[in-house]
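The following pair of complexes shares a single chain, chain A, combined with chain B in the former and chain C in the latter.
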Partner chain A sequence: MAFEIMENEDGEIIIVELSGELDSSSVAAFSLGFREITGKRSPKKYVLDLKGLEFISSAGWTAFLNEFKQLRASGGDLKLAAMRQDAKRVYSLVGVDGVIESHETVKEAVKSYARKS
Partner chain B sequence: MPGKAEMKSAEIKVDAAEDNLGLIRRFIGDNMKNTGFPRKKISALSVSITEHCENLIKHAYAKKAGKVALKLELKYPEAKITALDKGPRFNMKEQKIPDTSRRLKNGLGGKMGIKTILALCDNVEYRRINGRNKNTFTVRAEKSGKGKNKWQR
Partner chain C sequence: MKEKHIGIRREIITVILSLTLAVTAIMSFLLLNIQKKSLTNEVELRGLSITRNIANNIADFILIKYDLEAAKILKEAMQNKGVRYAMVADQNGIILAHNDMTRVKTVYAPPGRRLYSTPGNNAVYETESGEKVIEFTAAVVAKRKARIGVAYVGISYDLIGNALKKTYIDITLVTFIAVFLSVIGAFLLSTAITKPIYALAEGARIAGTGDLNHKILIKNRNELGELADAFNTMTDGLKKAQQAEIEKLAMEKELEIAWKIQDSLLPKSFPEMKKYEVAAFYSPAKEIGGDYYDVIPLSGGRFGIVMADVSGKGIPAALIMTMLSGILNMEAAANPDPVTVLTKLNEGLLAKVGGGMFATVFYAVLDTAGNSLEMVSAGHHEIFVYRGAAPRVESYCPKGAAIGILRGGEFGARLEKITLKVETGDKLLLFTDGISEARADGGGRFGMERAAQSLQKNGGRPCRTIVDGLVGDVEIFTGGQEQSDDIAVLSIGRNA
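Showing the complex of A and B:
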């Protein structure tokens, strides 16, 4: 399934929905799309909604880490939400869980921003 | 679910190219459909072969394009996929597997593919035959504990 990226706003938090498969063939589409979204706004809190993401390889995880680092460096933040079970296993296995926060649902990820601020 | 003695196999040979990664996963998914293997094990093979092919494209075939031949063999409870390539000799099991968690916390990426493969597969075998790399990735529906990769213990 082709990779797609879409944005929605929930107050000052931007929800970025990913769907399809994210590997080295689609990682450039993710990075370009995500930077287009982050580049046009002042709010800098993002949630990646992974409900529709059917597959992710290490190329995808590396792209998430790169965007997370960029956002953090500019005072922003990025959280993951609604990850599928298969992805969750690798997320913990390689240690992305020690860097980028993940929540069961988009709603919880959005709420967690409220708790912090 | 196939009977215990029933064996199914399928083969595919494709250019080692990013555009073929989805095709390779569909090859696995389609052939493992309705075979009784749990989704988790099908996913383990799909992720492992994607990581392996991404490494081939990025490193082994970086300067000169090449092909990868895949053979999927299913004999419940064991499923294995063998990948043949003509890249330089490379045995992933001889690589030092870094603590990726620590690397990531220190802002360093990379090295995730091999770690993922060795963790998700119940066994990984490597041989160099007639100038080709032969990597076989095996998953078992009923894990016996045998053949676990060393670092998992």
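Showing the complex of A and C:
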């Protein structure tokens, strides 16, 4: 399945929906698409909705880490949501769980922003 | 040497000039014909009027023999322009009155050789002196209708010739002006055509020297303007193609460098391990992924076993791999505990590279004397162990975050160490995600399950067969599709 990226807004939080497979061949499409979305706004809060993402390779995780770091540096934030079982395993195996927050659903991720602020 | 061309300018001028001359010639011919007709007509009307005037007024004077009065009428007629002679002759041709009195009583004779008749049916003669004369006649009738004779008036035809001469001069003048204007017009037209052509030729020459930034500026919105636009589009296209070629060469060069770095890091041969055997396989992807494996001899019959995968591609990944290999070799020699080795590796790499990279590393220390294996993993996926006695495949995945993500204590706290006993016939199989994530043509990944099945199938055979068998299974699964990531496989087995 081809990789796709879509954006939605929930108040001040931008939900970026990913679908398909995120590997070395589609990681450039993700980075470009995501930068285009973030480039339109001043630093904001983002949730990556991974419900439709069937596969994430190490290149995909690196891209998430890089985007997270970029957003944090400019005062924004990024959270992951609705990760599939396989992805969840790698998420904790590789240690991304120690860096980027993850939530079971997009709703919970959005709520977690509200709790903090 | 440049070949001499017949210029477009010359061709245009020649064509336009020829056309102008042809049109002028046709117009002149028509104009002269009309002029000639109208002049002949005029002369004929005048001649006829003079002759009739004589015929009407002279009859009575001839009848009553008033010769002087008759001569006066003829002399008056002679006052008209071009009149050469005027006379009256009787029916027998005897001249009754003549402007030249000496000719009276002589016999009428035509003024010269008869040439032709005019449209008004008047005869044209050529006199002895070579002059053309038109002769007009009119019957001289007295009162009571008594016919006395015929009045003859000769008018020089050269009058027409002289009037036409003036027209010739006018036509010549007009022709000169037309030629002059057409030359100027042709010059301007040819300049309008050749200027953009010269600009195009110059542009092509400049492009030929390799300068593709040159733009041809032609404001004309005609076909030449279109040609210039097409030319500019072509140079833009060539520039892009050239740029792409340069980038491709740079990319190839980068990949070549990355490959050289990678190749220099991977072991060409393995240390002697007595009752243990080792086999490995490595196949870089087109973009060189940054996989690394090694068997590092340590003290006391111990060996450090490494399988690592740096995220990212090309030279950056290869350089990080170089650092990783350097630090790992150093720390492995200095620290017997694999947990310490990976903790130091994480600190060392974060200190050198900072964030922005991440590498999964499986590291184990094999004690060939005690036949034990202590393993740790920094975010690397499962490794497989084939138990020869059972026979069965076991999967191990010690907990731990990838190198470069977490700092200090947080990294160390997550590291889990698993210790195994290695029996005779046991085989270790390590690989990178180039195997597990190999993609089939119709979708789907090779995955861990298939890798375990491959080991189950070949576990009882030498390590070389295990490695080649796994690689072969992946190839069959992907259907020969181009691999998107490096593939590294390492197998170590206890033979005795």
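Just so we're on the same page, the second predicted complex is superposed on the first by the 116 of 117 C-alpha atoms of A that agree within 3 Å, B and C clash if a C-alpha of one lies under 4 Å from a C-alpha of the other, contacts with A are read in each partner's own complex, and residues count from 1 in each chain.
Assume contacts are C-beta pairs under 8 Å (C-beta built on N, C-alpha and C of every residue); 3 or more make two chains touch, one makes a residue touch a chain.
This one's a predicted model, so the numbers in the text were calculated from it and none came from an experiment.
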Based on the superposed arrangement, let me know which partner A:16 touches: chain B (first), chain C (second), both, or neither? neither
Let me test your reading of the model: by the given contact rule, A:58 touches which partner, first (chain B), second (chain C), both or neither? both
Quick check for you: in the superposed arrangement, does A:69 touch first (chain B), second (chain C), both or neither? both
Given the touch rule stated above, what does A:96 touch, chain B (first), chain C (second), both, or neither? both
So, A:24: does it touch chain B (first), chain C (second), both, or neither? both
Hey, what residues of chain A end up touching chain B and chain C alike? 1, 23-25, 55, 57-59, 61-62, 65-66, 69, 90, 93-96, 98-99
In the complex with chain A, residue positions of chain B that touch it: 18-19, 21-22, 25, 39-40, 43, 46-47, 50-51, 54, 57-58, 99-105, 107, 109-110, 112-113, 115-116, 119-120
Residue numbers on chain C that touch chain A, as the complex places them: 287, 289, 309, 311-313, 355-358, 360, 379, 381, 397, 399-402, 405-406, 410-411, 414, 433, 437, 439, 443, 445, 484-485
Which part of chain A faces chain C closely enough to touch in the complex? 1, 23-25, 55, 57-59, 61-62, 65-66, 69, 90, 93-96, 98-99
Please name which positions on chain A make contact with chain B in the complex. 1, 21, 23-25, 55, 57-59, 61-62, 65-66, 69, 85-86, 89-90, 93-96, 98-99
